[in-house]
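So, here come the structures, one by one.
Here subunit A shows up in two complexes: once beside subunit B, once beside subunit C.
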Partner chain A sequence: MATPSVAVPARPRGARLRWGRLPAWLRYLLLLAALVGIWQLYVVWRDPSPLLFSGPRDVAEAFWAGWKDGNLARVTWTTLKILGIGIGIGAVVALTLTAFAALSQIGEDLLRMLVAILNPLPGVAVLPLAILWFGLNTNALLFVIANAAAWPIAINLDTGFKTVNPTIVAVGRNIGLSSRRLVTDVLAPAALPYAISGLKTAWAFGWRTIIAAELVFGVAGAEGGLGTYINNAKLFLDIPRVFAGLVTIAILGLVFETLFGFLERRTIVRWGMKTST
Partner chain B sequence: MPMSGSTQDVALRGGVGTLAGGRVLSVDRVRLGYWGSRGFHLAVEEASFDVAARERVIVIGQSGSGKSTLLKAVAGFLPPAGGTIAVAGRTNLAPGPDRAVVFQEFDQLFPWRNVLENVAYPLRVNRWRRRDAAARAREYLDLTGLSHAADRYPHELSGGMKQRVAIARALALEPVILLMDEPFGSLDAITRARLQRELHGILERTQTTLFFVTHSIDEALILGERVVVLHGLPSTVREIVDVRDVGPPDSPSYAEMRIHLRELLAIEGDDDGDA
Partner chain C sequence: MGLRTNLLRRAVAVAVVALVATAAGAGGTARGASAAPAPEKITIAYQFGIGYAPLLIIKQQRLLEKAYPGLKVEWKQLASGTPITDGIIKGDIQIGAMGTGPMLVGWARGTNWKVIAPLDEADLWLMVRNPSIRTLDDLRGKRIATPTATSIQAVALRKMAEVKLGNARALDSSLISMDHPDGMQALLSGQIDAHFTSPPYQWLELGRGARALGKSYGYFGAHSFLVTVVTQAFYNQYTAFSNRYYKLIKQSIDMINKRPGVAAAILAREDATETTPAQFKRWIMRKKSLTFTTRPRGLMRTAGFMNKIGLLNKVPRSWRELVFPPVYPTKGS
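== the complex of A and B ==
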């Protein structure tokens, strides 16, 4: 049993290596092409009702048409804008609470309790209340997203500030930094890995929340977003457009994943504060 | 001994240009401790000694003898529970660059700044112009043999190189007195011996006043001119030994001094913690 063991792993290893040697973008492109191929095969083979399912060709056409006439661009912009402002408000709330928590025991207790109560709550769950308070408009959406984004950011920032290496803070004081510069020049960059991680989670939570909110409540305010677009397309039984909306969401997810990855490689990965993306 | 006005005036900046024989650090009947989970813990019962300009004084003691606590107090991180610490005549000691510290920990560098920036940034904080700070930083990187690593980030350096950067950073500030808290304590024996020799050469050249804390007798003999021996828990100064004339490590006088210091530290057996 012992002697042939050297030869045994050689073959699968060689096969894996050939795939592994391809550049990453090509590997993913090939996988994506395979998935679209299966999708197309299913449509050709089972011929599903066009009122329930669309093939890649129809979806591509609807997607292209949607971006060409500006409808998809408009709703995407609306969603991203509300999302951005909402996460921004959430981040400010989180920053205020963590600063308060860093300065006093009561602040820390308050943060712990709020996080324990509000973080497990799905973002959309507060939408009915938000609509009662703010009306069926953008403010209600902003409230819901800010709530969904604030808690993951607050948890991460709090952990980030608490785990700053005390030696580096001592060095900061030793070289003569004022309290304000100690925060901006030492504590903030030292907590950056956690800040980015919190922002990533907030982005994911916010994204899910806004699409869900738009889907459930349809038009929110004067302008509709991506969720509204998908919901309207469904109402008109325009299934390729439903898919076009979904594809847009998927692509945006990829784009922001790439952006966050880029940001991390330029900062915390480069500085050895995070090992890989 | 009256503290105010008695010390010769030592210029705050530039350890090099200060008056010869001026007292840079004065520790007078200092009592040190800190608040722990079980109340006040006394680390240093009483300690008195002086450090003259350009002098290299090593504080030696076993673990728990309060030697690092003493350094923290001089650095301004911990107010004494009794007595006075005066640096260049000043007794209100907040942490500051006139007492630049090199710590034992490898992670004392800013990970988000490369080697050059790690040395230049503290100068910038102290109102140096960007170009002057960079030039001075390069000068001290040359001195510590790090010019080739100027644009590397700390995580790309070995432990010995990280400590070199920390030394360059502290020296570049040209402190009135350089404080070092077992800076080679986490290094392997070979790197430690090399850095001890290098540091000795650099200090000779820059004429830096040094306050150095260690538990290693050999380190004290290689780097120091006088050795303050802390003993007991809480500790007192058992003896202040002049080691200027001990000779090279293979000489009989060195061996004799080594035995003397071991006796002062009350170390039993062969193992004294040295590698």
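== the complex of A and C ==
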């Protein structure tokens, strides 16, 4: 009498049409090609001023030229370097605070307080203050990135620590682990899914913050990163290069999406802490 | 009898022109429509410095409004040539006052503008305050402020770098964008190491312990500093107005050169700071570093250099390609 519940659909979605049968990479490629086609059509049909908008051909040319002469590679590396160091600093701060919070009530209160005050601050809003304190140099950028990264990591890590299976913690205490070892050997691995989630969020915030901060910063010249590259291109009214910079940002976003997925599959998915990415 | 016929003829001509202009205007855009006498509203943008004096006199004396009753003029003081370029591209600004640097960059990129009236020539100074900075080489890795990366100051800096350091781009990584007042404050408070600026800021900084590490005239010869531009479309549509505007600028420059006391008093009234008329008079009479003229000078040389180091992708064949007809008789370069 009981109707068998179907947990899995009888056939994959869209399988009636040929679309669903195509492999994932091909589907995405075709969609991308269609979008680029629409872009090109718009440029040909509406003929917008080259000072305002560029077509895919010009952007591709600028993109290729930028990579060939090494400029795009150099500025991308500069941005990633600052971003990496900034997130590193933020992660260290977050880890310290969360460990403290996991082990004492006052630490918990301190963490809650700091998160409530500092998390809502957008990185770019802190930038003028950072410039005042640290001067017109990379340190101001690092401070802003660290601030943008620390709080997402801290929040996620804190949740991670709190949702650790209390039985495991009890076992740890039972076998006489010191507080420090409790944190490093029990709490930390158990909180890994949350840590990675926090890292992903910190990365997204940090990425947006540094591009925006570089644009606000307005440093022109060789030492700048991707945001500066885009800003400079705009100053010289080289709109294809502006678009090429944006395309680079999009590609990097994709690359890191993939990298994070890879990391997750190798650790938490394999360990059964997350079903799939 | 003859007069009445003439008047009648003129009245008919004006009526026809008005009809055609209205018809064309009603068509939606003003692309190459028959020239209207003057726009109803106009936005003029300028920046910071005494170099804009001819424009400021027009502003203070309301010369445009007097010449065209009913004309609404909006004045905007912006930080650098960059927002002015954006404004002209977008159509928010009709007359833009900027350095020759941004003017050339825009011209080469297809903004379709030209100089309607140059304002002056000026020797631009690279100011430093720290006694340990003795040569250009000492500025490597330090912070140098210019109004924007395309500014004539930034171009002059690259010329200095090419001559003194062998590489025009050697100091590129030190460039920071700041408008002149902010830059002056930053230099005097030690936040930046060098300020490539213009009159009167360079003189003010000189008086407050800074010194000039280099001067642009030494590298480019005497050269134009500020110009006012309008788009080709604007000139085509409002030719009479543009020509009149050129005449008003020339008139103001004549006043500055021939009656500096009067000009200084006007500038002091226009100015928001507490600078006295006597101070203005001293400034506008420093003819060695600042000369008000509608003759453009050194445009081809500047363009050639900018093209050589990759800041400009197109070079004019003659200076006349950069200016509108009223400027031709000045025999510029």
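Keep in mind that, in the parts below, the second predicted complex is superposed on the first by the 240 of 277 C-alpha atoms of A that agree within 3 Å, B and C clash if a C-alpha of one lies under 4 Å from a C-alpha of the other, contacts with A are read in each partner's own complex, and residues count from 1 in each chain.
Just so we're on the same page, contacts are C-beta pairs under 8 Å (C-beta built on N, C-alpha and C of every residue); 3 or more make two chains touch, one makes a residue touch a chain.
All figures in this text were calculated on a predicted structure; none of them were measured in a lab.
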Which superposed partner A:I175 touches (first subunit B, second subunit C, both, neither): first
Subunit B versus subunit C as contact partner of A:G88, first or second or both or neither: neither
Which of subunit B and subunit C A:L52 touches, first, second, both or neither: second
Touching partner for A:N232 - first (subunit B), second (subunit C), both, neither: second
Contacts of A:G107 with subunit B and subunit C, given as first, second, both or neither: neither
Touched partner set for A:P189, first subunit B, second subunit C, both or neither: first
Touching both subunit B and subunit C, residues of subunit A: none
Residues of subunit B that touch subunit A when the two form their complex: 75, 77, 95-97, 99-101, 103, 105, 107-108, 110-112, 121-122, 125-126, 153-156, 173
Residue ranges of subunit A in contact with subunit C within the complex: 49-52, 135-137, 218-224, 232, 235-238
List of subunit C residues in touch with subunit A within their complex: 82, 85, 89, 105-106, 109-111, 143, 148-150, 154, 169, 171-177, 191-192, 311
Of subunit A, residues touching subunit B in the complex: 165, 167-168, 170-171, 173-177, 181, 186, 189, 192, 267, 270-273
